[in-house]
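Labels for the chains are A, B, C and D, by order of writing; each one numbers its residues from 1.
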Amino acid sequence: MAVTAKPTLDADKLRADFPIFDQSFHGKPLAFLDSAASSQKPRQMLEAMTRFYETSYANVHRGVYQLAERATEALEAAREKSCRLINAPEAREVIFTRNATESLNLVAYAWGLTNLGPGDVVLVTELEHHSNFVPWQYIAGRTGASFRMLPLDAGGELRLDELEAVVGRGTAKVVATNLVSNSLGTVNDVARLAAWAHERGAIMVCDAAQAVPHKRVDVLALGCDFLAFSGHKLCGPSGIGVLWGRAELLEAMEPFLLGGHMIKKVRLEETTWGDLPHKFEAGTAPMAEAVGLGAAIDYLGEIGFEAIEQHEHELVEYALGRFSELPSVTLYGPPADRRAGIVSFNVDGVHPHDVAQILDLEGVAIRAGHHCCQPLMTKLGVAATNRASFYLYTVPEEIDRLVEGVRKAKKLLG
Amino acid sequence: MADRYAGLVSGFDDLYRENILDHYKNPRNHGRIEPAGASAEGMNPLCGDEVTITVAFDEDGETIGDVRFEGRGCAISQASTSMLTELVKGRRAAEVLAFDKDELLDEVGIPLTPVRLKCAILGLHTLKVALGRATGAETDADEDIDVR
Amino acid sequence: MAVTAKPTLDADKLRADFPIFDQSFHGKPLAFLDSAASSQKPRQMLEAMTRFYETSYANVHRGVYQLAERATEALEAAREKSCRLINAPEAREVIFTRNATESLNLVAYAWGLTNLGPGDVVLVTELEHHSNFVPWQYIAGRTGASFRMLPLDAGGELRLDELEAVVGRGTAKVVATNLVSNSLGTVNDVARLAAWAHERGAIMVCDAAQAVPHKRVDVLALGCDFLAFSGHKLCGPSGIGVLWGRAELLEAMEPFLLGGHMIKKVRLEETTWGDLPHKFEAGTAPMAEAVGLGAAIDYLGEIGFEAIEQHEHELVEYALGRFSELPSVTLYGPPADRRAGIVSFNVDGVHPHDVAQILDLEGVAIRAGHHCCQPLMTKLGVAATNRASFYLYTVPEEIDRLVEGVRKAKKLLG
Amino acid sequence: MADRYAGLVSGFDDLYRENILDHYKNPRNHGRIEPAGASAEGMNPLCGDEVTITVAFDEDGETIGDVRFEGRGCAISQASTSMLTELVKGRRAAEVLAFDKDELLDEVGIPLTPVRLKCAILGLHTLKVALGRATGAETDADEDIDVR
């Protein structure tokens, strides 16, 4: 192991919190390098959910009995934690959804269906995950708005200088971008994009699915109007996502999902919507999932987001350095100081599926595919890449095993 | 969490104390003043609790000379509104508009879970809206209570 | 205790599977009579989820490594179980959502936005839960379709004889009803409604949220086109719902949520949708929730749905009998042989909130409110009712405690 | 579940057996027949594997006299297509249309997880579509494979 900078968290020690590492794969310890797809779970989070089910479970809101009160409290405590996590002004601006994808669809449908029309421009980036691309493309299509894409430069960074040219004489109404790219790890200048969007009278929608788990995110500092993330990528459970939105926008918006709990009065003639956040939370909430999310936020908060970011930065520097030893490897994306803990690469003459499979035989889990970023793949001129992604439990030895496995794949198949 | 609740409502004696039962069964200041110096109807759509409050001001146009309520709903909502009318009679509108809900809750005197809290403050919120309208003062909205 | 018929399941024994009953409330054992809002959870289900997180967790689909394969298998096994649970022809017709409410919204948006227009009639019932009422009202409003309500008779049963009159000269396009009413327990004749709907060229959407947990449900026998239910009401976790739909309808439909995993190809110009069920499952799936749902289905299957239905039937008969001893109690809904394990009632002169609170002090948890059925409450001329609802772990002693508590409430406040 | 997988792929020797590596590095029947009696391009959009298969029939218009493929993609997809061409040469179109994928998988000879299975049958599916078009027979669709 060649990393010399002192890590500000002790990943070896933290691994003990994650039961998944107790098993071995093909007789080898698990090197889980696919945290960008979904993170593993600490015992503390799992226990919080089980405890909730065992002691405090009932349907939330409006129940008069104690169990229902306890469950409501637990759900609302999770909302408060999510609110503080992203420095949101008010907890009622925090809406629980099923995942980041649904959060982004909520904005596209509920804001877009009513506010977009011919002549309007919806701008996404060439770097977007499909979840912040396809909903806008679809709603733009339904409303007659024009759907456009801000291109990338050769280094995988947004061509902010192209903003004016891409929008042209259209009326920019939505600018949608991720804060951190799940394919390249690029950290985007959302604050600058938000400022530009607001100058043009557009709303700024930030997909922070790859950011919130890995660094301190502050919606006020970013200046965005909406921000989405998922629980499962930040040590929380599957089945829950978050949408934050500015209260005045959420209040002016139509609702999205309709049904139980999101109404005030229902009559045949007319229905009136409940107040925030309930207006956007139809049906039974992901209650245990919210409790798990809250526990995960506590867990990460104790470790510290600065320590996590620093740790991943060291790993990514180390990985880029190690890969530069291999002439057959093509790396994609910006330099370490402008990227998060994600490394996408290809191996000359070896298909990513084969690389990933050979690595799996070594107990190293990486992803091979288009990473839900087909427009980016088109730009890169490839069908797929290999992607290794890191988290607080990643140790440099795992990167060594990754590099060793890539060497083997090249030798065997290249 | 269990602990907090274990202490919170420990039996009938706590939650349905004599004075609540008394106010519920024998509401003070029951009825309606017509014409009224200030009035409003409040309703909690979630449980259907309703109160209508009417106020008569003294000659200074500020002091609550008389206040009456009618309504239907749970014991907490009706008893607390009854207690409220006793608390505010003789006070100035501005004073009541600044009235801290804790003062009323102290009078109610029992621990309340969030759902029941809405019942307990229905009357107070409705009265504030009535006084706000009559005097042109702003009152905070309560998201769960509809006032007409 | 006065029940003499031999129950076909041993509720006292089953209770041991449910950790929630290990605690006491106000020094009394918990009588949880709010299962219609959400059910309690057996240890077996909780353990299945934890085991999944601890041994097989990764993001599903398209991962080449073993963990991802395991997770994918687990998710698809849950889909198979859900499919068999409702006797659906094919697993690809089973779509995982966040709850029954979202399942119903999916149909309302994805089918309704494209297929409804002026002159068309969307017919719901006066007995609907808001989740099968408000989405249709909203989408009808957006598309210019007419939104109508099939009335109830005095006994809380649908006026099927009014069908023609309500639709009049409009073109019936959607008939949406629940199979079991969550407020009154009424079991509706969905097969007859489906036949009528199909004669008129309408689709039949069945909200089975209160049925699937409690009795054998067969989509083919019902003859409906779509059927929705939630995991959390059938001993499964929060955060997952199911929509079943006939393949040919699902295939012809527009998608609903858009983003990761539901596409085939994404280009700036055009995106093509993936095949069923993926077309309707955007973003990261509720994976652990699906595993929990599968475990819950196994758990209930072992007990047997016939036994569960019979057990609840005996409880409801017993409860209706006991309540008839109390002249101050008004009961709503049909006789025991045409209702599920749900009893809604009011106590003369005592507000439901007070009844529920006094019961809570006795350790008896019931719901008081409009039960997300405001149109029904309007019909009944009340703002709220008390509702006691039963499940496999309910024992007759709990009904005795309920009746005792109601007596106390009446004495104290009536 | 762990057990099943423990036995399933136990090392390089299993998954990338000599004959797969051999077919991958030295594909049999590589190339393109022009003009072809039957042809199709298959693609798995998820991973980008591609094969183009061309067929020449014997004089009876039924028997596969020659078959060639070109493509790019993972070792499994390319090797299995190469093996396939050896298996089908000399057979009748109708026979190949009824060809059970297990026969090919036996030849491939390694256990495959569902994701990799798609790679292994890409060539077979593409060939069946090509033959189906040429002979007017129906072929089952595979949801994950696009054939032009």
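Brief remarks on what is shown
To be clear about the criterion, a residue touches a chain if its C-beta (ideal position, glycine included) is under 8 Å from a C-beta of that chain, and two chains touch if they have at least 3 such contacts.
Computed from a predicted structure; not experimentally measured.
Hopping across touching chains, the smallest step count from chain B to chain C is 1. Across the two candidate interfaces, A-D and C-D, the one carrying more C-beta contacts is A-D. Here the CA centre of chain A is 31 Å from the CA centre of chain C.
One finds 37 Å separating the Cα centroids of chain A and chain D. Computed from the mean C-alpha positions, the centre of chain C lies at a distance of 46 Å from the centre of chain D. Mean C-alpha positions place chain B and chain D at a centre distance of 78 Å.
Among the residues of chain A, those touching two or more other chains are numbered 23, 55, 62-64, 66, 265, 353, 357, 360, 368-369.
Contacts with at least two other chains are made by residues 2, 9, 46-47, 116 of chain B.
Of all residues in chain A, those touching chain D in their complex are 23, 26, 351-354, 357-358, 360-361, 368-370, 382-384, 408, 412-413. Residues 2, 6, 9-12, 15-16, 21, 24, 46-49, 72-76, 115-116, 119 of chain D are the ones touching chain A in the complex. If you check the complex, the residues on chain A that touch chain C are 19-20, 22-23, 25, 30, 32, 34, 37-38, 40-41, 46, 49-50, 53-55, 57-59, 62-68, 97-102, 104-105, 108-109, 129-135, 137-138, 147-149, 230, 232, 237-241, 255, 257-263, 265-268, 271, 282-289, 353, 356-357, 359-360, 364-369, 372, 374-375, 378. The residues of chain A lying in touch with chain B in their complex are 55-56, 62-64, 66, 69-70, 72-74, 264-265, 274-275. Of all the residues in chain B, the ones that touch chain A in their complex are 1-2, 5, 9, 45-47, 113-116, 143-144, 146.
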